[in-house]
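You will see two complexes here that share chain A, one where it goes with chain B and one where it goes with chain C.
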Partner chain A sequence: MSKALDLITRVRGVRGAMLVSTEDGLVVAEQLMEGIKGGAVAALAASLAGRLGRAMEAAGTGTSVFWHLQAEQGALLVVPGDASGGILVVAVAEPDVNIGLVRLELLRAAEAVV
Partner chain B sequence: MSPQTRAVESWTLRPLTDFVREASVRLVLVLTPAGQVLAQSGFSRAVDVMSAAALAAAIVASTGELARQLRQQPFAALSHQGPKTGFFLATFVTDRGTLAVLAAYDLDVSSLGLVQLFYEQLAADLKAATPKGTVPKQVLAADFERELTDSLNTLFGR
Partner chain C sequence: MADEIRALSAQLAQDPQSLVFLRLGEALRRKGQLDAALRVAVNGLERHPHLADAHDLYARILTDKHDYARAFDEWDMAVRIAPHHTGALKGLAFLYFKVGDVAQAEAHLEQARKVEPDDPSIDQAIVMMRKGAAPPAPEPSAAPSPPAAAVSPAAASSALDEARVFAGLEGANEGLLLIDGAGRVLGGALKDKAGTDVTDAVAAYLAGVSQEAARTAKLLGLGAWMGLSAEGQNGNVHLAHPTPEALLLVVRERGMPLGRLAILAQRATLMARRWLEKQ
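Now for the complex of A and B:
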């Protein structure tokens, strides 16, 4: 698991990566820079995953495979649990991070943890 | 304020209302380790409040004794998760003594992580809101039934 997170955090601009239990919103593994509240990010990301999953289902779009939430001072990138056996793969990144590269590493990490 | 959230001690109301909204919990009790209820949310029957408070107080007492026998500090929190519902019970110390929070949540609208996260905020808010320099009122055996009836009347808006 730590190797999977290593590959994500090696990407320039990534400030941290976590594996989060989708069901209970608890951190399974994390590699975070100081100042990032891992427990809070995990709980809120898992809650969001549940709500987004229901929204996608209601919209008839099928399950989501990746989300990217862009904020002024950073970004949250997530591969949700369905693709990784109940584990969310989460990255917290700088606003100008290479999204494509992080997405690739998140999907690889999701495959590795299944 | 949610119509289902009521408090015997008014300083508990705002923190509890915020906790219920943010953690999306279904039932909450704020009580003393003796089982005296300070506030409740989500309960519709007095008998359920009394049962839940008595059971929560018993769990706090038994886990506290277990910790004592293991020469440990009292357990900070206890979580029990079933297929659809989770329970969370934790204690913290305020200027008015130890308080316990019992929360029940549905797994399809909340999670242990979310409840733990906002419980920390609830405990901090309750510690900050605790009236300073006051001693909690002791309930004497002779007044117990009247005190209990008054508390339940307040908790259910009667």
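Now for the complex of A and C:
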């Protein structure tokens, strides 16, 4: 699992990565920079992923493959658990990170986790 | 050139996920086969929606087709994905110059020069522009010159999208939905592919998302959240918050790249904000 996280954290601009259980929002593995409250972020990310996933299914867009939350000073990037056997793959990144590259590594990590 | 196109087409057919579409699209563009190039670029973007080079290719083809508004959006998206993408920076400079915004054009070329200080074409473009001549379009093709009276890309794009977005906010089925913090529908409507009205169901699931996104961003020390883009198997969505409590959802088919969706959502957000202020 740490190998999967290595794939993500080696991307320039990524401040940390986590594997989170979609079922209960608990951290399965993490590589985070100091100061990031992994447990709380995991719980919120899992909750957000659940709501978003259900809304997308209802809207007819199908299962969510990838999403990212853009904020003033960074981004939260997530590959939901359907692709990784109930494990949410999460990255926290700087605002100028290459989103395409992080997305690619998150998807690879999700495959590696399964 | 024809052999190259055949070979690249064969490679792409063998491995549709590969990035060879970038070379094929560019080869077709250079040959002037713009419709074919466009199809290749759009298919590539569907598979690689976050690839800045794909947006750059699409923008160059659109520029050759004189579709400056969409080209502007695509280069803008390329820069959002990869802020140091010099091709996109040069493309934006070219389009800004075309609409007479020399200051923005020069600013974008200066940004490109910071990234690639040894690229002589950037210095040349800056010199040309200061003399009042248009800088060359990035990777120029044999396409005819654009018309002199090109409209502002932003204005043209806005005019194209505004009616649809407005219609959506008025309740038409345009894949736009505006809800309050409790999940009550304020405007717009959503139907699934079967034509069933799913407005209330989606609104209910989204209740509280705005507050949760705000808490997550705050907890991470990321400041205020600005938007949430999501890629689905059959479609893409973008969430924005016109006010701290309200939430705007834009749903489009998967063919629309997330970046373009975000730009559309920005416009819809402005309209929703104005609409909410009038209530």
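A few points about this structure:
Criterion: the second predicted complex is superposed on the first by the 114 of 114 C-alpha atoms of A that agree within 3 Å, B and C clash if a C-alpha of one lies under 4 Å from a C-alpha of the other, contacts with A are read in each partner's own complex, and residues count from 1 in each chain.
Please note the rule applied: a contact is a pair of C-beta atoms (placed from the backbone, for glycine too) under 8 Å apart; a residue touches a chain by one contact, two chains touch by 3 or more.
Because the structure is predicted, anything quoted here is derived from the model rather than measured.
The superposed arrangement places chain B and chain C next to each other on chain A without a clash.
Once chain A of one complex is fitted onto chain A of the other, the partner contacts of A:12 are absent, as it touches neither chain B nor chain C. Touch criterion met: A:23 reaches chain B, while chain C stays clear of it. With both structures placed on the common chain, the touch criterion links A:56 to chain C but leaves chain B unconnected. Put chain B and chain C next to each other and count what each touches on chain A; the higher total goes to C.
In the superposition on chain A, A:47 makes contact with both chain B and chain C. With both structures placed on the common chain, the touch criterion links A:39 to chain B but leaves chain C unconnected.
Draw one line from the C-alpha centre of chain A to that of chain B and another to that of chain C; the angle between them is 130°, to the nearest 10. Smallest inter-chain Cα distance, chain B versus chain C, after superposition on the shared chain: 9 Å. Chain A uses residues 40, 44, 47 to touch chain B in one structure and chain C in the other. Residues 35-37, 40-41, 44-45, 47-48, 51-52, 54-56, 58-76, 92, 96, 98-100, 103 of chain A are the ones that touch chain C when the two sit in their complex.
Across the interface of their complex, chain A is touched by residues 48, 50-52, 81-83, 190-194, 198, 201-202, 205-206, 208-209, 212-213, 215-217, 219-237, 249, 251, 254 of chain C. On the side of chain A, the complex with chain B involves touching residues 20-21, 23-26, 39-40, 42-44, 46-47, 50.
Those residues of chain B that touch chain A in the shared complex are 81, 86, 107-108, 110-114, 116-117.
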